[in-house]
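Given below, in the form of structure tokens, are the structures.
Two complexes are shown next, each including chain A; its partner changes from chain B in the first to chain C in the second.
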Partner chain A sequence: MSGFAQNTFNGLVSGAFYALLALGLAVIFGMLRVVNFAHGAFYMLGAFGAYVLLTEAGVPFWAALVIMPVGLGLLGMALERAVIHRLTRLDPLYNFLLTFGLTLILQDLVKLRYGVQSSPYATPSLLSGTVNFGLFDFPTYRVFILGFAVLLCVAVWWVLTRTRIGMVVRAATERPDLTRAFGIDVGRWVTPVFGFGIGLAGLAGVLAAPMRAVNPLMGADLIIVVFAVVVIGGLGSIFGSVAAGFGIGLVQAWGEAYLSNFPIVSQTIVFIVMAVVLLWRPAGLFGREEAPA
Partner chain B sequence: MTSTVDTPADTPKAATPSGLVAVARAPGWVRYALLALGLAAAAWLPNGLYPAVAVDILCWALFAVAVDLLLGFTGLMSFGHAAFWGTSAYVTGLVAIHAGLPFPLAVLAGALAAAVLAVPIGYLAVKRTGIYFAMVTLAFAQMVYYVANEWRSVTQGENGLQGVPRELFGWDLTDDYYFYYAILPIVLLGLAAAWRIVHSPFGRVLVGIRDNPARARALGYPVHRYKLTAFVLSGFIAGLGGGLFAVGHRFVSLDVLHWTTSGKAVIVVVLGGIGTLWGGVLGAGIVVRLEDWLSFSGFEAIGLVTGGIFVLVVVLFRRGIWGSASALARRLAARRR
Partner chain C sequence: MRRTVGVAAASAAVVLVAGCGGGGPQSGGDQKLTGDKIVLGVLNDQSGAYSELSGKNSVTAVEMAIADFTAKYGDKAVTKDITVETADHQNKPDVANSKAQEMYDRKGVDLILDVPTSSAALKVADVAKEKKKLYFNIGAATTDLTGKSCNKYTFHYAYDTYMLANGTGKTTTEQIGKNWYILYPNYAFGQDMEKSFSTAITAAGGKVVGKDGAPFPNTSGDFSTFLLKAPTLNPKPDVLGTMQAGAELVNVVKQYNEFKLRDKGVGLAVGLMFLTDIHSLTPAALAGTTYTDAWYWNFDAKNREFADRFQQKAGTRPTFAHAANYSAALQYLEAVQAAGTDDADAVVKGLEGKTVEDVFLRNGKIRAEDHRVVHDAYLAQVKPQSEVAEPWDYVKVLKTIPAAEAFRAPSADCKL
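After this line comes the complex of A and B, so read on.
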């Protein structure tokens, strides 16, 4: 029983990363109709930034947890103004290609400077050790990640549903033209929302630094899994993306634990789930039906 | 899906009017002159470049044309075509190593395997359109990558398949210069097949689906089945390229299945010009030559350059080379009238 609990817990923790990344992707997609391929690269920059800040300037984890998301969010806003903005009126595929190109550039810049080897990042002392909730000893840091991510998702949900800004964003997501017709300046919110999504990716990166190997390629493989996650959840649905993120984390952890004799299956289980969802509900579990094509 | 409904001009589906249409409208002698020029360039290529680079260009030309068949003529951006290129490379390599068949048969087996793989992937992927199609194909290609990575008994994992032979009736093809001329007919056949598909009634229906899927459906065309057929044909042609690539390098590594390979194929097409078919061939020549030059000059961050090309082309040069050239030719012709 405790083995199951442990797998479930670990699944939720890795699901928290998927959820944070999928949440950023979904918010950006809702507002800009842009699927940001560079999301994984910003996650990597978050982790790498935390590492560089610690080793080269002695900036501790807690400060990095604020500095990196804010810094990357601002970088994202600049990026949106400089290039992405020019392409949003075109087919979304162009911005997908653009951000793919940016991914290659960002990865190689980091690779040129720091090489491809993984760098260790010490868990902050406050969060090292374990907590016992009865079933088994939970690593404190993982409990922190899970709590933090859930809190963040709830906060975003609260902002989206209970505040005026959130209402504007949701309205602009569903009916941009109608929202404009009501005299709301939708364009004003586009850049901040993009920056916010990027900031979330950076935050996930900082959180990942003490737990995962920090290297220039850490975001690339992850983002493809997150794409599968948002296809499963339905990219148009913010709730769906977050739920699918946690769900996929669980399925993956259980798969690795109970299908370890079939590594091919356990490694690709996300994509198998995606195939089943495409067969059963092509628009995603929480997505709305597309216009017939 | 919004991408098909409320995007105004300038969608990737239409570098409108497509360069190919422009060529087809050009006077007969222009078309024949271009064809002759292209064939002459293909015949001359290994004399002007390293033959090994020329071989790579041929393989990538097939790959690009396969991707453009979907992107330019069906309106579907596959971001996972490495699955077909790479699967064919592995199957070709395995068949060539274990069965000792002449290499064209091994390549044929590889391309058929790619086409078979394209059936389930295409069946699932065509349920979505636009950006979702790109994400779904990318995800399935990553799945194929993981399978190849785990299935070490067959693929040799990280080590890759070594020593793929270039068997052809006992002729000595170890020199890349002769190998180039050995594969040229196969590549030209593949390119001609793509041209034939685009100009067939079937191809016209694909373009109709690209431009207005709802109307194509209303006219009674089974849209999904047409898209799936196009996807499988595209997978086969990409497989031809991937198989030849495997024999050309005498080595297959996991790189052939990596997502960067899929992305490179798309940028080659965009650089050449979406929906122009031959633009992809030009794009392949430029990108392969450039990457070879960069790695030869000891520059390590090739991604910096390919990524930079991506950004520049998408921001400034969306019509691509062929598209821009044919637009220019059209403007000159209009002025003369």
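After this line comes the complex of A and C, so read on.
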């Protein structure tokens, strides 16, 4: 029983990373119709930024948790203005290629300076212990990540559903043309939304630094699963991406724990789920089917 | 054999005469080297996961060997025209295959060095056999290079899975605990390591109470399922043996510490670890971990002298792969000098059965039976942070494993 609870907890922690990354991808896709392939690279930059801040300037984890998302968010906004914005009217493939190329550039720049070997980052001392849940002990840091991610997702949900900005963003996501017809300047919100999505990726990166290997390829490995998560949740669906993020984390953890005799299944379970979901609901679990033209 | 220059010169003369008497395949008569020069090829990972433990710094090590060789022989050297070719095989067997062919055929390479990643290493062995050109493997671990895939032109220089398992598996079982839980990446290298370790542990009177193949590559980066399982096994394992490498090893160790398995009585043993891995994780994260090392830069004055020179050129301390590349290039050049020709068959003849002593090879011997280069190995333990006196000095050597025990006996599968 305690084994099951522990695996569930772990699945949720992995899921928290998927959810934060998928949420950023979903809002960006919804607003800009851009599949941001560079999302993993910004996650990596978040983790590396935390490492560089700590080793070069002595900036602690807590400050990095604020500095990196804000800094990367601003960088994302600059990027959107400078290049991505210019390609949104063309075939989506152009931005796909652009962001993919950007990923390679960012990865190699970091590689050039810091090499491929993982860089060390210690868990903040405040969170280095374990919490006793009666049935089992669990690392404090993991509890913190889970709580923090859930809070953040709730906050984003609140902003999107209860504020005027949120309503504009949701409307613009679903029917940009119609929203414009109501006299709302959709374009104004595109850049901040892109920056916000990138900021979330950077935040996930900072959170990952103490528990994952910090190296230039850390995002490239993860982003493949995150894309599967977004597809399962439904492209552009904000709730879907979060739910699918946590769900896939759970499925992966349970698969590893209880299907370890079938390594082929436990290693590919995410993609099996994705295939089944696509067969059953081609627009994803929470995606809306496009009305036939 | 060559402790003094006198002995070296004498033996060189003998082999030289023998070589000429045998009548090499060269028709030119006076021309002893193809193209009047020697070309060494370093084929390894120059941008990926293994580019720091060998990579470009292995090229630096090979260049050091050339400089040392030239300085030693001066005008008596068989040639002063020794160059290095390099290529990136990206750890892909097919790329390694085509790059190796290109090196031998078009770049005039006499010897290919390094080639980490077992699957790529085996491909290059096939190319060496086909082209009848020399190949010293350093970076790969598979024992197949001196087993069923061995051939006349391939030598396995630095280490292999047997050496790692025998050193770490046996000693840890005897000194730390009998019950093991093995976690390995589920592909050729990991499966090979798991088998080698299980054999060594059982032979030492230990028991593998559980083993799991983790997904490879592990895209989620999460190993907690396995780490949580370890202390719940019955009987409880005394040691977690992880066979993961590079970034995956970093993930396992970080999470091992997160779940405080050491406090729960489960020690840590690592299958394959390079100095660069310890640097990534910091000694604090690994303190007390035992593993088998093929060479350590601060083991004695001789190693340290080499490490100091290496640091001046490369800006970092050498891993055992760097030292082995240096040694392999140097021993090849010595063999060519002795044979007076770069003809592969003549050089192989000079190398087989030779005993060698240099900065990397201690009590070294190039076995004629399977071309395994045997030498002393070391059981090492990561120091606690408080004992780390200078950067990169992360390890203390607990025990020297004599060359005769460090490697397996020649395999019956190998027919040269």
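Keep this in mind: the second predicted complex is superposed on the first by the 290 of 293 C-alpha atoms of A that agree within 3 Å, B and C clash if a C-alpha of one lies under 4 Å from a C-alpha of the other, contacts with A are read in each partner's own complex, and residues count from 1 in each chain.
Please note the rule applied: a residue touches a chain if its C-beta (ideal position, glycine included) is under 8 Å from a C-beta of that chain, and two chains touch if they have at least 3 such contacts.
Everything numeric here is computed off the predicted structure, so don't read it as measured data.
Residue contacts after overlaying the shared chain place A:Lys111 against chain B and chain C alike.
Of the two partner chains, both chain B and chain C are touched by A:Pro263. Legend: residue contacts after superposition of the two complexes on their common chain; A:Val230 is shown touching chain B, with no touch to chain C. In the superposition on chain A, A:Asn36 makes contact with neither chain B nor chain C. Once chain A of one complex is fitted onto chain A of the other, the partner contacts of A:Ala253 are limited to chain C, with no touch recorded for chain B.
When the two structures are aligned on the shared chain, A:Ser14 is found in touch with chain C, with no touch to chain B.
Residue contacts after overlaying the shared chain place A:Met274 against chain B, while chain C stays out of touching range.
In the superposition on chain A, A:Arg142 makes contact with chain C only, not with chain B. Judged by the document's definition of touching, chain A residues 111, 221, 224-225, 263, 267 lie at the interface with chain B and also at the interface with chain C. Every residue of chain A that touches chain C in the complex is listed here, in rising order: 3, 6-7, 10, 13-14, 111, 115-120, 122-123, 130, 137, 139, 141-142, 208, 210-213, 215, 217-218, 221-222, 224-225, 249, 252-253, 256-257, 260, 263, 266-267. Within the complex formed with chain B, the chain A residues making contact are 33, 35, 83, 86-87, 89-94, 96-98, 100-105, 107-109, 111-112, 220-221, 224-225, 227-228, 230-231, 235, 263-264, 267-268, 270-272, 274-275, 278-279, 282, 290-293. By the touch criterion stated above, chain B contacts chain A in their complex at residues 1-5, 7-8, 10-13, 77, 79, 124-125, 127-132, 134-136, 138-140, 142-143, 146-147, 149-151, 213-214, 217, 223, 259-260, 263, 266-267, 270, 300-304, 306-311, 314-315, 318. Across the complex, chain C meets chain A through its residues 47-49, 51-53, 186, 212-217, 219-222, 224-226, 228-229, 232, 246-248, 250-251, 254-255, 258-260, 276-277, 279-282, 284-285.
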